[in-house]
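Chain naming follows the written order as A, B, C and D, and within any one chain the residues start at number 1.
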Amino acid sequence: MTLKMTVEELGAFMAAEFPQVAADFAIDRLAQMEIDLRLQVEERHLRPGGTVSGPSMFSLADCAIYLAVLAMIGPQGLAVTTNGSIDFMRKPAAGKDIVAKCRLLKLGRVLAVGDVLMVSDGMDQPVARASMTYSIPPG
Amino acid sequence: MTLKMTVEELGAFMAAEFPQVAADFAIDRLAQMEIDLRLQVEERHLRPGGTVSGPSMFSLADCAIYLAVLAMIGPQGLAVTTNGSIDFMRKPAAGKDIVAKCRLLKLGRVLAVGDVLMVSDGMDQPVARASMTYSIPPG
Amino acid sequence: MTLKMTVEELGAFMAAEFPQVAADFAIDRLAQMEIDLRLQVEERHLRPGGTVSGPSMFSLADCAIYLAVLAMIGPQGLAVTTNGSIDFMRKPAAGKDIVAKCRLLKLGRVLAVGDVLMVSDGMDQPVARASMTYSIPPG
Amino acid sequence: MTLKMTVEELGAFMAAEFPQVAADFAIDRLAQMEIDLRLQVEERHLRPGGTVSGPSMFSLADCAIYLAVLAMIGPQGLAVTTNGSIDFMRKPAAGKDIVAKCRLLKLGRVLAVGDVLMVSDGMDQPVARASMTYSIPPG
């Protein structure tokens, strides 16, 4: 398997299809079955005390796995999340982006599964961990 | 155990502490260990095709359980989500709010667990299901 | 939709297909999209202190949802669990069976989702909660 | 932090405290915040077709994270699983052990979180992925 979309193509796809959230994210790295996706933290992602909200991190993980799947199968059809689990482990560092390191563990005909480790930019200790399953519509 | 906060007090608390998201939600019903919370769906919650986004439903479930905990323990301290799982089961109906029916299954000294069934307003079939654990800081 | 299998047929199916675990379980109640399944607790399900082990409760939840699906679709094909989440909330009562109250939240063509509340027999407070997704093979 | 228990000490602890399951498992590797744990597959772990059952893999993941925590904090107190999520991704290879590669992502004062990738012995592609949270009792 090789990548069916480039970083630029994924960015253009997001901007066209998900204009509400496309500006939140930037792709740091793309490889086969892997993506690093950055949440460009703005005021709207924050909770009191300056910490990034849980739903913002859920959204980051969801988007990372979605883009990793798209990069592998191409922009055909509408993959949808069927479920996800997330663990919040540490308070994100104030004033830092969150970087999601995502790998696809399974890319089947019908279901794809990915997991994601999220860190505050430049830090080692994960702030959160998530895994999601996507249902891939018949081509 | 009795409720330590009213619907009005919860609303005021949200408006003061979470101004970014307070306007998204309305409390339909509050009882001991239970809350019905409504996501007042706006353009910003939607995905292409007019369906409510997964992260918006995650946020609704998270907020419902948070408010159910606060209603029971009062506005003391800062409960934080430690983890959650969510299943997306059906496409939400276009142009409808999402109503989360939440019950607390456990309200311990340290951890609280709630589960949530989400429906498109007026419908029977659930669009999603979620459960979350909150860590309650020492009083 | 009506039930395609009776309690007796489900029991016979389990005894034939899953002889290792069939004796662990008894069906207390079966209805459309619902089942109450009992874990008949034996020494092998216990942990030190006489409490039922987590994996035994996971197995109970998994089996309850499997049987609820089979009762609806009939003994055709081999549904497999694709994922699950479980919350352990209280220590089970010593010397009591565990009863799982399961409902199917979705029974689609490809995926089924169920959730389960588990109590120590005769008690009110749940000891655990679980949800599972089953993949249904093409008929 | 350094390891507070050796492979031998963990094995002796399991044999004494969990005699029902201790023989199921063997520690392949132990390091700081990491463990590789092997499920020595026997007839009782199998489902029809010779595949390892889901609950057996849940049990393996649960035990791996438990031992990784114990190795770090020592055999004091009784850590208990508060929740877990698991994705089953591929059918395990027949006649092979399952090896769980576990890392602790968080080891806090109150909660520990670990994740686990499970492979059929000698294979590359994961058969399952799990994460669990343990509650650590006050020392």
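Keep this in mind: a contact is a pair of C-beta atoms (placed from the backbone, for glycine too) under 8 Å apart; a residue touches a chain by one contact, two chains touch by 3 or more.
Per UniProt, the chains are A, B, C, D = PaaI family thioesterase.
As the structure is a prediction and not an experimental result, all values here were calculated from the model.
Farthest from subunit C (PaaI family thioesterase), judged by the mean position of CA atoms in each chain, is A. Set side by side, the interfaces A-B and A-C show unequal numbers of C-beta pairs in contact, with more at A-B. Note: centroid distance subunit A (PaaI family thioesterase) to subunit C (PaaI family thioesterase), computed from Cα atoms, is 33 Å.
Measuring from the averaged C-alpha position of subunit A (PaaI family thioesterase) to that of subunit D (PaaI family thioesterase) gives a distance of 28 Å.
A straight line joining the Cα centres of subunit A (PaaI family thioesterase) and subunit B (PaaI family thioesterase) is 23 Å long.
Subunit D (PaaI family thioesterase) has residues 82-83, 85, 87, 113, 133 in contact with two or more other chains. Residues 85, 87, 89-90, 105-106, 113, 115, 117, 126, 129, 131, 133 of subunit B (PaaI family thioesterase) are the ones that touch subunit C (PaaI family thioesterase) when the two sit in their complex. Interface of subunit A (PaaI family thioesterase) with subunit C (PaaI family thioesterase) (complex): residues 82-83, 85, 110-111, 113, 133, 135. Within the complex formed with subunit D (PaaI family thioesterase), the subunit C (PaaI family thioesterase) residues making contact are 17-18, 20, 43-44, 46-48, 53-56, 58-59, 62, 80-88.
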